[in-house]
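In the two assemblies presented below, subunit A is common to both, partnered first by subunit B and then by subunit C.
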Partner chain A sequence: MSDNLQVLLLDDEPIVGRRLKPALAKIGCDVDVFEDPEQALAKMAQKEYDVVVTDIRMDQIDGMQVLEFVRDRWPRSKVIMITGYAMMSLAREAMEKGAFDFIAKPFKPDDLRRVIAKAAHALGSDIDFEAVEMEKVNG
Partner chain B sequence: MPLIIVSSDNFKQGDEIGQKVAGVLGYRYVGRELLTWVASENQVSEEDLARALDDPPGLLARRARRQRMLGYIEAACLNVLLDDNVVCHGLAAHLYVRAVSHALKVRIINEPEQRAEELSQAEGISLDKARKQVLRQTKDERRWSEEAYSLDQTDASLYDLVISLGTLELDKAVEIISDTVSYRKFQPMTYSRKLMQDKALAAGVRLKLMEQFPDIRVEANDGTVVAYIQSLKKDQRKKQEMVRQIAGELPGVRHVEVHIIRDLVGQAAQSSR
Partner chain C sequence: MVEGSIQGNGQPPPEAGPQAEEEIEVQGRLGLARGAEQARRALLNRPRFSLRLQIFLGNALAFLIAIAIAIALVASFHRMESKIRFLEIVNDYVMEVEQARRFEKNFFLYGTNLSDAQDNVFKAENILSRNAEELAAIMGAGWREEMLPNLHRYEQLLEKLGQQPQSDQALSKQERRRVQSQVRGQGQQMVSAALGLLSKEKTALAEVLTRSRLLLFYSVGLLLLCMALNAYLLGSRMLSSINRFGQYAHRIASGDFTPLTPSKRYRDEFTELALAINSMIEELEDREAVLVQSHKMRAVGTLTAGVAHELNNPMNNITLTAHMLQEDYADLDDQERLEMIGDVVGEASRAKKIISNLLDFARESGSQLEPLDLPELLRETIALASNQIKLSGIKIDFQASGNLPRVHGDSQQLRQVFLNLILNAIDASSKGGQIQVLVLPADEPNYLAVKVIDSGSGIPAHILPSIFDPFFTTKGKGKGTGLGLSVSQGIVAKHGGRIRVSSQEKQGATFTVVLPVTTIPAELGAKK
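For the complex of A and B:
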């Protein structure tokens, strides 16, 4: 298995995965993208991801249920919640249920990369986010 | 780590609780001493700043000046609250950090009868007179916050925690607050930190513009600033340009949008000339 950070990205808007997957790959993440929460849960039932990034508002299964599933099945995994419907009560609920972080959409890929780097650090596998920044500056 | 915002119907008690909580948790305490800095930074008197926070609503003419004083305080306070581990009391922060999830908002209340008894003893007045004064103080407190921030600060739903000192000892209140803030739901997150940064930026922009535009309202989102100003139609362009220029020079501002709210009073006055 690769030493790269294993990331699952779940969002029912295809553009989110398309945009974020290459951005996360640049900081050394192996990213599996899902648009269907059921398929994502089926995958997570078998595989432990280091980081799970999930949208909150989705049909059938919402991000809070995904969070609860991951916390129950893989307590070590860090779950990052993303939503276009951010508000205080939802943010507090997510944190209370064990989310690692909560980000309001729209956000820049760097915002998520920064949080992923923090999650990696918390898991004991550092990502050199500064090096990626420097690479961007130097072209 | 989180922020704790204390509001109280008794300033001394709120101050004491705030300081004790800060001591227990090792947090920084920010109270009225911030006004000394705000006064020197903005060349206004500290007394005027304190009066803007304490005096009941008065004449319409004084309202604009008070809002300006509160604008100075809000901008300075929000800058302090960008840091973690802060306990804040006496600067009306509970009225401008409402949506920030990592700010635990606490209200300390006393039973009205107990307040009246204490007032009666302290000022040597009859209990009946003291009761009337307490009622008036509560009414003034409500009117003040409604006029300054369109919120009733005596409304319990504004707070995460309301503690009655008629039921609990002051030190118990300190213990409860210190315990409650450790709940995960009050931990800072990317969303809440960004919200606080947006609020601080909006307050900073408003601060720069409120001399020229006393009624200005400013919102910020990730470096985009939206300003709402009143203007007559004929001055609209000039004013929009002025706001764009002043706001655009401030650090952290990437884009400025200016929306005009029609100055109906001014317009009516002009058309009657």
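For the complex of A and C:
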């Protein structure tokens, strides 16, 4: 197992995964991207991720069920919920059910990086988020 | 199961009569603006026969009959009067003649003076000549020949008899006896003729009396009959009009805003009422149009929440892609850059599509009637509500029978009705629930049915009769106006259809919209 932060990203919008995978890789995350919640759950049944990022609203299985699954299976994992603008009540519910944090669509890559850095800090394995910031400023 | 206890339109749909007629009916219900002016002209363009005139004519007729009765009675009294006068005259005459005969008898018995008898004969003659006119009136011009000769003869005989025995022309005893018997016979004949006349005229008088009594009896009866007939005609005319207007009120209350058209060949005071009701209908229609529009805007408001949420996805995709493009621009090759720009373009058009449906629906448009493909209309409506459906985690199942005829209607308004039913069904359903939308031929021929079936908690039987009432809502404060179903009912009624609901508690509800099919061929209708 590498030292990299293990991240699972679940969103039924393919572009989200396509863009965030390289964005998160830059801050030292190994990202597995899923669009289908079933497959994501199957994978998580076997592998423990440090951070799980999931959209709340999906067709088959929604983010809440994913959150409950992770909380039962891997209590150490941090779950970050992606919510729609109009679903703050759901976000609050997610927090009560033990989500680490939530982030509302539309968001910038850095917004998620910041939340993931916070999660990494909480897990005791800080990642060098600042370095990316500095690189952007310099580049 | 409470089935079909509520009907959108109070009345069953018209019997499936000749199709052409139905078409006219449907068009008639919708071409209202033109119809109002036409109805006004048709109402006014009739000869006037007012209630006031009918009352006047009825009274005038009764008055004429009364006058006729009075004239007939006066004439009859006049006749009776002259008959009575005649009887008096004849009576006087008879009295004089009888008096003369009494003197004649005295003369025979006691040899008294005959001049008294002659006096009486003279008086009798006097009576006759004095009342010549009255006698002529009753007996005709021949009365003289009938009465006078007898009298004169009697007079002559008396005179003959009265001559003194010692005079030259004195009669022999034998001759005297002959004259005596002649006098007696003549006197008797005169009295009996007069008495005969008297009794004949008495009978005639009695007849006239009876006849005038009958005349009075029948004419009063005729007058009463005439007045009763008048009252009946007037009353039934007013009652039928009042009943008719009662029916109009029910019809208008059920949402049918067809202007009133003439139902009689003449106009009267009720025509003014009909005109006033027609202008009220126009006013109501304007108001309902405002209500329909404002309710539509409410539906747009509901949809906007879903749209705003759905827009987040393309917005998020664009935001992420743009940021990554900016961040990694130098490190990416052309192919990757192009791919990312392509994603932005694609997501932008996706965003546009999400709002264009809603904008189409929200756009205020005039009422346009056209033959509509009902399954297609429902597909569009479901697409419009798709964000809401996705957001609520509900499945929608749409099924339409093949080869359905078209319905004639306003696509915007009907879409509003179906959207309302679907949004209601979404509200009623819990997460993971299912909504079924079916388009199929209705039970009655020439009608199509759209069923929106939810699997929610159902509608309690005690509120089922109220759900189409304006301002009735089961939703929380600020969530529903209670106008949705009422407005929908109005729209469907205007299309000649109706909305029904059946529900069983805990088993969901089924709303059925029944609409008449159009009989205009599709191509023909499309050219309009």
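Rule of thumb we're sticking to: the second predicted complex is superposed on the first by the 136 of 139 C-alpha atoms of A that agree within 3 Å, B and C clash if a C-alpha of one lies under 4 Å from a C-alpha of the other, contacts with A are read in each partner's own complex, and residues count from 1 in each chain.
By definition in this document, a contact is a pair of C-beta atoms (placed from the backbone, for glycine too) under 8 Å apart; a residue touches a chain by one contact, two chains touch by 3 or more.
As the structure is a prediction and not an experimental result, all values here were calculated from the model.
Shared-chain residue A:59: touches subunit C; no touch with subunit B. By the touch criterion defined above, A:71 lies against neither subunit B nor subunit C after alignment on the C-alpha atoms of chain A. In the superposition on chain A, A:15 makes contact with subunit C only, not with subunit B. Contacts of A:101 after superposition: subunit B is touched, whereas subunit C is not reached. In the superposition on chain A, A:88 makes contact with subunit B only, not with subunit C.
Between subunit B and subunit C, C contacts the larger number of subunit A residues. In the superposition on chain A, A:115 makes contact with subunit B only, while subunit C stays out of contact range.
Residue overlap on subunit A between the subunit B contacts of one complex and the subunit C contacts of the other covers 86-87, 107.
Touching subunit B in their complex are the following residues of subunit A: 86-88, 91-93, 95-96, 98-99, 101-104, 107, 111, 114-115. Remark: subunit A residues 13, 15-16, 18-20, 22-23, 57, 59, 62, 84-87, 105-110, 136, 139 touch subunit C in the complex. Here subunit B touches subunit A in the complex through residues 99-101, 183-187, 189-192, 194, going by the rule given at the top. Residues of subunit C touching subunit A in their complex: 305, 308-309, 312-313, 315-321, 323-324, 327-328, 330, 340, 343, 347, 390-391, 393.
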